[in-house]
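Take a look at the structures below.
Each of the next two complexes has chain A plus one more chain, namely chain B in the first and chain C in the second.
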Partner chain A sequence: MGIYGVYIVSKSGGLIFNYDYNVPKIETEQTFSYPLDLKLMLENNRLLVSFGQRDNIKVGHVLLAINGIPVAGRKLEDGKDALDMLDDATNYPLNLKFGRPKMTVNEKIFLASMFYPLFAIASQLSPELRSSGIETLEADTFKLQCYQTLTGIKFMVIADPSHAGLEQLLKKIYELYTDYALKNPFYSLEMPIRCELFDTNLQVLLEQADKNGIGAN
Partner chain B sequence: MSIHNIYIFDRMGTLLYYMDWNRQKNSGMSKEEEAKLMYGMLFSIKSFVAKISPHDPKRGFLCYKTNKYALHYYESLTGIKFVLNTNTSVKNVRDLLQQLYKDIYVEYVVKNTECEMGQPIVSELFKVKLDQFIKQQVKTLQ
Partner chain C sequence: MSRQSTRLDVKKVNSELFTLTYGAIVSQLMKDYENVEDVNKQLDRMGYNIGVRMVEDFLARTNSARCNDLRETADKIQYAFKMYLGITPALTNWSAAGDEFSLTFDSNPLTEFVELPDNYQNLKYSNVLCGALRGSCEMVQMDVSCWFAQDQLKGDLATELRIKFNKRLEDAIPAGED
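Right after this comes the complex of A and B.
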């Protein structure tokens, strides 16, 4: 239930604003004995579960900590190699913490620019004449609503699939953008939005929308 | 309700089948090119959805809508992908696609020894049955 995040993408496809709103934290900590019944794999400098779902640990989750010591890349914070530690039977039992990987800022920028061609291709592959790009994208865990202004800026909100009234919310965010970002003399177009007033007003708006969304259901 | 067109891809991205009913706009490229573009878009959407999802996704991407049409996506566990474009107000297309997979694809392609897996479907029977199935759906849903 609720809203997960807001993204604003400029005309040229760059992420100019992102705000995460109560993104759920999915983490599980468990004690394991040798041998490990999960298969781990190194990808993008992170150790992730490639096979063997159990309890709340899902394929795609990353190893966050061993015995409470955070794992950075394939190394523990104290310099030991995580894979070597997991392979050594004498280290067990081990307390491992797994969780859904958090998106880094770089990944967000990457995803925002990835949406740009998807939006364009959707309109090109349309079987109907004069179609717009993607307006709503639905998956089983979330819904993405996109609103493109006449000037080409895309406002996107990610929310629960059952959340209603996202179009109005996006139009209100656009209103906030014109009021607090565009009228700010220190803001230059196409650049990331760093306006305090915009942030605070957006937060108020999202809180309101979140509450009303729950009330409507 | 109107159904525009259907694409069936296998897990390697080969276009197995394409059929359209009432399509107003052509993308201005050959069928092969268009299928590649479509598959590429779906592939990107899938990875996009997997990354941006706040929870662990189960079935992942389901559909997207523009102001003119809706694209519905169903993927079997074996990687066969069904893509159906309809107008935006159609509901329960997922059930329809699942039924299409179960009753038409499995019956007339998988159980047909003449149909080679991973190759475009040329079976006339499949073509007729699919056409019938879609036309019947359009009628019952109207």
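Right after this comes the complex of A and C.
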């Protein structure tokens, strides 16, 4: 059981709201000696493990910190170059922290707008007439449930594959949206939702849904 | 388990408060614009903006499906009037082509305490309703026109709101819905 996050996409396909509810944090810190037995590579301005999986450090994890100093891109926060530091034997032993990369806001916007054409293509590909778009998308580690309103707004929730009652949950989120976003006179349509009341009520709803494992009544 | 949104569902407000607030808006607009035509336009615009938001509330609460016929739409509009204004207008005067109908009110909650002064005879006092209907239909991809065919304020026997279906906004229909 578990709900990982909620996304709302406007009818023109832009991400207008996203909320990470319960994304499990995966981080491991270990002390390494020279030479480093992991292969690192720079991708998307992040140093990620390309080969040499061991213990809890998996391929695809990114380097988060060296000796407790956070890494941003390939540079440390104090300005040193991370790769140079790892290559230099005199720096060892080094304490390295690896973890699952966090999605940046830009990546989320990108992925949300990516779902939009997929949804449309699905309804076109359908052998039957008048098919809806993607309603559920399942993978081995998560399930994405999407609900499109008649006005074209998409509500999506990402949850554990075993989570039941996501459809009802999405309808409730729609109700919250109409109450706390649309009735807020300072919210303009199609714009990102920055309404505190909406956030707090959504949090309450998700907590209930998480606890009961259903859409919460 | 009591949830806040279920509490909102049953929240009722005295219609007089609503009537008076609306009256205050109209009279303020008359002061601001000093021109009846401008006020009519402004009320329609305000209604439109209300409509585009209100329709989501309606859909979220009623679980309505898309209408494929104006008669279905008419029933839903009738139900929406019950929900939001507490009145059930009669559906009358269907055109032969089925693309036009009237909502007839015995009483209009917006005009409960209102008498129009002689020099305001062109004021469409309840024009906000026309705007709201137009706005909410547009959000569900229907282009409609609305106007008051009769108005008790102008001495007619009943208030009649005429609705005409123009076209479906095909290119605005979201994917997976058409």
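To be clear about the criterion, the second predicted complex is superposed on the first by the 213 of 217 C-alpha atoms of A that agree within 3 Å, B and C clash if a C-alpha of one lies under 4 Å from a C-alpha of the other, contacts with A are read in each partner's own complex, and residues count from 1 in each chain.
Going forward, a contact is a pair of C-beta atoms (placed from the backbone, for glycine too) under 8 Å apart; a residue touches a chain by one contact, two chains touch by 3 or more.
Small disclaimer: the values here were computed from a predicted structure and weren't measured.
Student: Could you classify chain B and chain C on chain A, in the superposed arrangement, as clash or fit?
Tutor: Superposition check on chain A shows chain B and chain C fit without a clash.
Student: Given the touch rule stated above, what does A:201 touch, chain B (first), chain C (second), both, or neither?
Tutor: A:201: touches chain C, not chain B.
Student: Return first, second, both or neither, reflecting whether A:211 touches chain B, chain C, both chains, or no partner chain.
Tutor: Touch partners of A:211: none, neither chain B nor chain C.
Student: Touch check for A:174: first (chain B), second (chain C), both, or neither?
Tutor: So A:174 only meets chain C here.
Student: By the touch definition at the top of the document, which applies to A:139: first (chain B), second (chain C), both, or neither?
Tutor: Once the two structures are laid over each other on A, A:139 reaches chain B alone.
Student: Does chain B (first) or chain C (second) touch A:54, or do both, or does neither?
Tutor: Once the two structures are laid over each other on A, A:54 reaches no partner at all.
Student: Give one of first, second, both or neither to describe whether A:11 is in contact with chain B, with chain C, with both, or with none.
Tutor: second
Student: Counting only touches as set out at the top, which of chain B and chain C does A:149 meet: first, second, both, neither?
Tutor: second
Student: Have a look at where A:131 lands relative to chain B and chain C in the superposition and call it first, second, both or neither.
Tutor: both
Student: On the A-aligned overlay, A:182 touches which partner chain: chain B = first, chain C = second, or both, or neither?
Tutor: In the superposition, A:182 touches chain C alone.
Student: Least CA distance chain B-chain C after superposition, rounded to whole Å?
Tutor: Taking the overlay as described at the top, chain B lies 9 Å from chain C at its nearest C-alpha.
Student: For chain A, which residues belong to both interfaces, chain B and chain C?
Tutor: 122-124, 130-133
Student: In the complex, go through chain B and note every residue touching chain A.
Tutor: It comes out as residues 4-5, 20, 23-25, 27, 34, 37-38, 40-41, 44-45, 48-69, 71, 85, 87.
Student: Show which residues of chain C lie in contact with chain A when the two form their complex.
Tutor: Touching chain A from chain C are residues 1, 3-5, 8, 52-53, 55-57, 59-61, 63-66, 139-140, 172-178.
Student: Please give the residue numbers of chain A that touch chain B in the complex, ascending.
Tutor: So the residues of chain A touching chain B come out as 4-5, 23-24, 26, 58, 60-61, 100, 103, 107, 111, 114-115, 117-118, 121-142, 144, 158.
Student: Would you pull the chain A residues touching chain C in the complex into a rising list?
Tutor: Against chain C, chain A makes touches at 11, 119-120, 122-124, 130-133, 148-153, 171-172, 174-179, 182-183, 189, 201, 204-205, 208, 216-217.
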